[in-house]
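Note sheet for the following structure.
Per-chain residue numbering starts at 1, and chain names A, B, C, D, E and F are given in the order in which the chains are listed.
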Amino acid sequence: MVHITRRERFSAAHKLAHPNWSNEKNHDTFGKCANPNWHGHNYNLWVTVKGEPEPLTGFVVDLSALGDVIKDKVIQHVDHKNLNLDVPFTKHLMTSTENLAIAIWNELENSVIKLGAELHCVKISETENNYVEYFG
Amino acid sequence: MVHITRRERFSAAHKLAHPNWSNEKNHDTFGKCANPNWHGHNYNLWVTVKGEPEPLTGFVVDLSALGDVIKDKVIQHVDHKNLNLDVPFTKHLMTSTENLAIAIWNELENSVIKLGAELHCVKISETENNYVEYFG
Amino acid sequence: MVHITRRERFSAAHKLAHPNWSNEKNHDTFGKCANPNWHGHNYNLWVTVKGEPEPLTGFVVDLSALGDVIKDKVIQHVDHKNLNLDVPFTKHLMTSTENLAIAIWNELENSVIKLGAELHCVKISETENNYVEYFG
Amino acid sequence: MVHITRRERFSAAHKLAHPNWSNEKNHDTFGKCANPNWHGHNYNLWVTVKGEPEPLTGFVVDLSALGDVIKDKVIQHVDHKNLNLDVPFTKHLMTSTENLAIAIWNELENSVIKLGAELHCVKISETENNYVEYFG
Amino acid sequence: MVHITRRERFSAAHKLAHPNWSNEKNHDTFGKCANPNWHGHNYNLWVTVKGEPEPLTGFVVDLSALGDVIKDKVIQHVDHKNLNLDVPFTKHLMTSTENLAIAIWNELENSVIKLGAELHCVKISETENNYVEYFG
Amino acid sequence: MVHITRRERFSAAHKLAHPNWSNEKNHDTFGKCANPNWHGHNYNLWVTVKGEPEPLTGFVVDLSALGDVIKDKVIQHVDHKNLNLDVPFTKHLMTSTENLAIAIWNELENSVIKLGAELHCVKISETENNYVEYFG
């Protein structure tokens, strides 16, 4: 069993705020992340899949096919978008990094199986000082 | 003469779009950066000042004083903010990285002189694949 | 279950040498790390905690609260200090990266529980070419 | 039990192509990696071993001894070499990153035991956007 | 006047060896870079252009147009290629990083003028420990 | 004229404090950098030289010869040392990064000329958030 990871990147706007809470309560809970006019990040996304290398190619999975799946299922929907307003699979959520990782796992899981591998981890960094990992 | 550089970081939302242009024209000109609901970045800001080291301290400038100036004049205004809506010195601009660098230079120039040094360069990266430098 | 990691940094002096060994024996065992007048590093510290995202916030743990705990329990005691002379929880130890990771785990474990999460990993890098991970 | 990791680097040429397939079939399967005249990479190699810190030194393993093993068993054979033509332990393989990780594991496993530790993971990155991990 | 820089990357094979020198003389002069069966690198290429921001867009140059020029003139010719055998503008050269930078400058200079800017610097890194800059 | 840069690294202890000032005055002036028991850093050192590529080799300077000079003149004296106590060319100085850059320039200037090139810049970073450049 070998793990292989591909990184993709996206830049998006978001905020952390409950629509039915006051600005004060949102600011007390989420700090500067609650700014009503949004803020944004360059997100790094690492998708790790696992399996046995196919004897003829030496590949657990064709990395460019994995890249295409990540772009098709995730990146085109989130890159240069607003995670709270534009993205079908996140706009109903608190767009914490934790919830992003779970939502992206759900978008990818079946497509990775179709590539002949198993999804192992979705890792997202929001800044250089924090990241989240979800293992399903 | 020695150059010394301090890096600070901020996360902000913005878009590139003329308010009096159609969505189509904005998209043709600015691509995905024109998304009406904003997007965002983790910006890195490097501020380079120059001067002669003061003999008793060996400092061109006290780096924590320089850091305080950058935070006071720039970071507190832009971090977790919308560059087009929230920031006094950028909200009237196309918020291209080029224009950000010039606007930040203007915010910092006099304060750096008060620290006893000279502003040499404002460098900003928007993603890991591009950056802008302004030398005044 | 989601894992979330916060990075903090500190700069410290240390050496690797037994007080009751000769300089020769220390140098034979620890190489240049035994230099009697100390050396130092910029350490990176990654603290990983795990738990389930709280439904209202989407947070496993409030990252700024986690950051405060790390600063309060660890960073203020080690940053710009001598690990062999100044730090209550390391000065009785061989200050190998392995022992640092274990000592920092012990400082953090209970405080992370009070935040409602579980400590998963303490990772420390001493240079860009090596790092240690401790899982309790 | 503590995990400790050392990074080494090497630069090598390789290609992905079956000697008994046509250029067309190789290109269809391996894309630009099948270029007949080779291409190359700066590979990063992280070797993680695990064990209990030795009480007198605080070391799971002497990192410079581990470095020497990695250089002796792996780096001197692959650095500035052609993985398909020059390297005894990879020249009979499809030199995918997956197969490299397994082959390097096999070169290192016994030598790490002689150092008094256990090999935990061989991780290799081929570019900044992908890496492979093998756990034996 | 503002400087703006775009990074592109490519992976290539090469060697440093005179075709009419002995292996011994090539090895004495170029060390392990003379390995007859090639080696390779992940090259980073930074292209810096300068000009005044256009008032309506705030752009010195449209970065995606600059990216297209770099890909068209340089990257498609060198990525996953052998610099000594496959690349029209380098195959007659000693493929030192110095010569690569000059050759890439010559490929780009006129196309950057057509974009309405001026080429300022071509910077290339061969490994994380060295890079070359050419200013024309 | 081409510029070529080589990075070397060293880990050292130091403090910023005047021997004839009180602890209070040193702390007021230098903050936590004045800790009497030292602290330390992983320093990165970039040495840039310039010249014309030699036609037969394509080299401005043989990078491994330049590396040997940097190791001989600088790294062996500062790595795993105390800059205030152990290093002939810095122990009489306030060991600010500014003064380090100037002192290292002076150690290297003549040796670079003997390699047939000209020293252009000595750049040192003390942490990931600051660096100094000296151009002679």
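In this text, a contact is a pair of C-beta atoms (placed from the backbone, for glycine too) under 8 Å apart; a residue touches a chain by one contact, two chains touch by 3 or more.
The shown structure was predicted, so the numbers you read here are calculated from the model rather than taken from an experiment.
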Chains touching both chain A and chain B, listed by label: none
Distance in touch steps, counted as few as possible, from chain E out to chain F: 1
Winner on C-beta contact pairs when C-D is weighed against D-E: D-E
Residue-number overlap at the chain B/chain E interface, same or different (half cut): different
Chain separated most widely from chain F, comparing mean CA positions: A
Separation of chain B from chain F, taking each centre as the mean of its C-alpha atoms, in whole Å: 29
Chain B and chain C, separation of their C-alpha mean positions in angstrom: 33
Residues within chain D bordering two or more other chains: 128
Contacting chain pairs - touch in the sense defined above: A-B, A-C, A-D, B-E, B-F, C-D, C-F, D-E, E-F
Chain C residues within the chain D interface of the complex: 16, 18, 29-31, 93-99, 101-102, 128-135
Partner chain F, residues of chain B touching it in the complex: 1-8, 48, 53, 56-60, 63-64
Interface residues, chain D side, partner chain E - complex: 9, 11-14, 32-33, 35, 37-42, 79-82, 85-86, 127-128
